[in-house]
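Chain naming follows the written order as A, B, C and D, and within any one chain the residues start at number 1.
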Amino acid sequence: MTQDSDEQAESAWWSTAIIEMEPGIIRYRGYPIEELIGKASFAQTIWLLLRGELPSDDQAALLDIALMSAVDHGPQAPSIAIARMAASCGVGLNNAMASGVNALGDVHGGAGEQALAFYQQIAARIDEGAPLEGATATVLDSFMASGTTYLPGFGHRFHPVDPRAPRLLEMVDHYAEKGAVTGRFAAIARCLEAVLARRKGKAIPMNIDGATAVIYGELGFPAPLARGLFCLSRSVGILAHAWEETQSGRRNKGPLPRERLWRYDGPAKRPLP
Amino acid sequence: MTQDSDEQAESAWWSTAIIEMEPGIIRYRGYPIEELIGKASFAQTIWLLLRGELPSDDQAALLDIALMSAVDHGPQAPSIAIARMAASCGVGLNNAMASGVNALGDVHGGAGEQALAFYQQIAARIDEGAPLEGATATVLDSFMASGTTYLPGFGHRFHPVDPRAPRLLEMVDHYAEKGAVTGRFAAIARCLEAVLARRKGKAIPMNIDGATAVIYGELGFPAPLARGLFCLSRSVGILAHAWEETQSGRRNKGPLPRERLWRYDGPAKRPLP
Amino acid sequence: MTQDSDEQAESAWWSTAIIEMEPGIIRYRGYPIEELIGKASFAQTIWLLLRGELPSDDQAALLDIALMSAVDHGPQAPSIAIARMAASCGVGLNNAMASGVNALGDVHGGAGEQALAFYQQIAARIDEGAPLEGATATVLDSFMASGTTYLPGFGHRFHPVDPRAPRLLEMVDHYAEKGAVTGRFAAIARCLEAVLARRKGKAIPMNIDGATAVIYGELGFPAPLARGLFCLSRSVGILAHAWEETQSGRRNKGPLPRERLWRYDGPAKRPLP
Amino acid sequence: MTQDSDEQAESAWWSTAIIEMEPGIIRYRGYPIEELIGKASFAQTIWLLLRGELPSDDQAALLDIALMSAVDHGPQAPSIAIARMAASCGVGLNNAMASGVNALGDVHGGAGEQALAFYQQIAARIDEGAPLEGATATVLDSFMASGTTYLPGFGHRFHPVDPRAPRLLEMVDHYAEKGAVTGRFAAIARCLEAVLARRKGKAIPMNIDGATAVIYGELGFPAPLARGLFCLSRSVGILAHAWEETQSGRRNKGPLPRERLWRYDGPAKRPLP
């Protein structure tokens, strides 16, 4: 390296291992982009940028499945409603998308991350020698002791059974049989489901967040990336709904006419002091 | 300037006339911050940063009035609804604010800018010698010729008479009598209101956007800053509603329960091809 | 439909053809989600939500290629820099993603949409009977007459030749030979490239936006969705960089230290009036 | 209340005490808007919406001071840099503002909230009978025990002495002498400053966040609103810089040319597996 390069190394503000660029050259994690095009799928490229290496075909297939499964849940999801409202306000499609994604916080969008963190705690105990059921019960106990009334990844305000979860677990089973994943997170999640049902006296089935968290756990993603990948996935529905609203010709679409939307419960009319 | 400074001047990426900083030194448009504190009000500081000089006390008072008048319009305004929804999703207060402001696009938030641009077109014709009514009619004609059904700044989907507009125009009259503003934009807007009423056969009264546009025009702001200042103003209501929602303890608040919110009008259930 | 449903149809605020939901039921464009999982890829699901029908395997493959090709261009792209900065400010991963996507406006992110609109104008003239070269020259002329100095989709501030474009066009050729697309947009874009080179006296090669616009045009997407899909694609790099910055432990990362970042060119120090 | 109203009360989705609206009627916390215009300043209106009642003139004056003092800190602040970059990308002024505010998270923007929470802990101990110095030392000890290296509100990466803080504390003293505030938070913050200096062996002076936190504490705002009000304040600088960038004619302004901006430290060029 020349002295110039040393000075650049010292003075450069960001450092990244993701992308290398020179005029005419783009490499993702060392792979020239023109070699990736036509060989690496979108799912493989997502994995490469996030993890640093290319995944196997089976790993990419399972990631692709997780991504497509959470793309939309209709306008009662705040992210979708916000995107439609923003689109009706005349902002650009990218702005409507950004507004929707911005809402995917801890409460709406964070459940997958929380569920995966939960599974990872159970897995850690198993690695220390605890049996599956014991580890599950212990971690569940200390989580519930904090006063939470619900477990992220299980139950659903709208669906008695979330239609996405059983099918996703079938996919995990399929890839576990192929040896592409171990199946350990599927086992943990199913155990959780059983323990919950016993304790509550009724089924509290896995939902989309609990199921995609299984997949992201099987694939070795850290918990915060479960949220990042959910955002990527939900961006599709956000875009579709924003686009549809744009095409509808409606202007300035608030959520509902005033009288059905909100009531006032503050002070009655009064004069200034 | 030393050679270092010259090199800095060449290599600096942004240049700004707004703020100058050295360790221990902050100056806004040349004024040390510690001299502004306690002497320049929030409205005067807003003016200084945007326009480059301090306003007179009367100009600052009129700006302060315009800013306080548009702070909120309830959850039927998309910006407010979006902020409440985002707040219920567990994002930070700044994120809920950003989500609300992001929606203030051409349709919801742009009317003040459009109204001011409209007034400025009429003013330009008057400066070329046209009489007030003639200039107003001509510009209105060419605007309507484009096929628009409504004039930004006039009429309101909800209020037969927007309670904010008459009072704001009274304020402009007050400051015009003091000689702080000319009153020319108030005259233009009132003329527009009269011409509209005559043509439509019914009153289409000025609304908040048309009235604040009068103020911003009187104060010499360019039209796009009418939108920027509306965003500043509406940020207050956005913050208040986001905060109130945060305190309510509600989670994951979509705009309404599904059955009242949306209906499906796509293809019926069908099998994959 | 029962009377209840009629009342719901009247009172429902949004209507959508994208998703249908009942407790336990989720259907995208009529297809039950549990049937799509494991059969429809992420790219096919993106197509389904945006277009209303499932694409062929070849169409999905070409869409997948377009999506993976634009995921990242390093921290000199404002969307990436903004995402890294936001991540260093302690906001959630979704907020950093939203901040990055929000910047993909007309100038940074809009070029694909503009290029596709341009190709579509040329295609419309060809449909009216004009020859390829003539249509290209005519549309180019009227575009340049507006005073623009550059054509969206061609040339690049950084790359003499954008390494992504030739490879993407090879992919289009491949799928045209298979009969999956017509190749008409590739022909239009190549013709543009040739005409530009002749007029400028030097090569102005197609860039990533011009090349992905070819693909989106071949696949029949309307121009605004070229931007939406670019946002989806770029969201991957935005997420990757935001995540990497989060892991770096750096706090409050402005883009550069002050002395290299900006210079002040406003009024010198002065006393208050 | 009629049966209709009861049904509305049941079915209304949001409830708010901030604003009441009927056609032709807008009331903020019970006060008709047309009575507030011309009587309530912007600062008083901000207080009214956030707190529910109008403040005294002195309270409003002190709030106004806190708001104007934090409006800008130059493009090295991520919020300002992001706003300038977004503005150069062709997004609307509201979108550039939103992008800047979105970055005001825990690290950049959260310090005021954290400082106020800190002061409130000390105040709580004093209310239980502890002396000022003892309470200060105790709370400081347990905060530092968590491993943090810096105290929010004190010290500054750029300014040896933040020029805004001493002047703001003078303002608090002034209003304490008038009896408008107690001065208890000023005393707490000064005590903290003294204890820090003693322990570190050098001055760690109060910064803008520590000083505005004193004001917001004196005025009785809850800690999270210290952040909300900082966002309102910083929105002014964000708007000013976005507007200035818009007027500069620069396009697609990334933070710096690549070679000074980032360096790559990932894998060297390699072939696909």
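Structural remarks
Please note the rule applied: a contact is a pair of C-beta atoms (placed from the backbone, for glycine too) under 8 Å apart; a residue touches a chain by one contact, two chains touch by 3 or more.
From a predicted model like this one, the values you see are computed outputs, not experimental measurements.
Two copies of one chain, subunit B and subunit C, touch each other, and the residues they use overlap strongly: the shared fraction of interface numbers exceeds half. Of all chains, A has its CA centroid at the greatest distance from the CA centroid of subunit B.
Counted by residue number, the contact pairs of A-C are over half the same as those of B-D, the matching pair from B-C, B-D or A-D.
Centre to centre, using the average C-alpha position, subunit B and subunit C are separated by 30 Å. Centroids built from CA atoms put subunit B at 36 Å from subunit A. Touching of two or more other chains is recorded for residues 13-19, 21, 32, 36, 40, 74-75, 91-92, 94-95, 98-99, 102-106, 109, 158, 253, 255-256, 258, 260-262 of subunit A. Remark: subunit C residues 13-19, 21, 23-26, 28, 32-34, 36-38, 40-46, 49-50, 64-65, 67-69, 71-75, 81, 84, 92-95, 97-99, 101-106, 109, 158-161, 163-164, 166-168, 170-171, 174, 224-225, 227-229, 231-232, 235-237, 239-246, 248, 253, 255-257 touch subunit A in the complex. Touching subunit C in their complex are the following residues of subunit D: 74-79, 81-82, 85-86, 88-92, 95, 98-99, 102-110, 157-158, 251-258, 260-262. Touching subunit A in their complex are the following residues of subunit D: 8-9, 11-21, 27, 29-32, 35-36, 39-40, 52, 54, 91-92, 94-95, 102, 255-256, 258-273.
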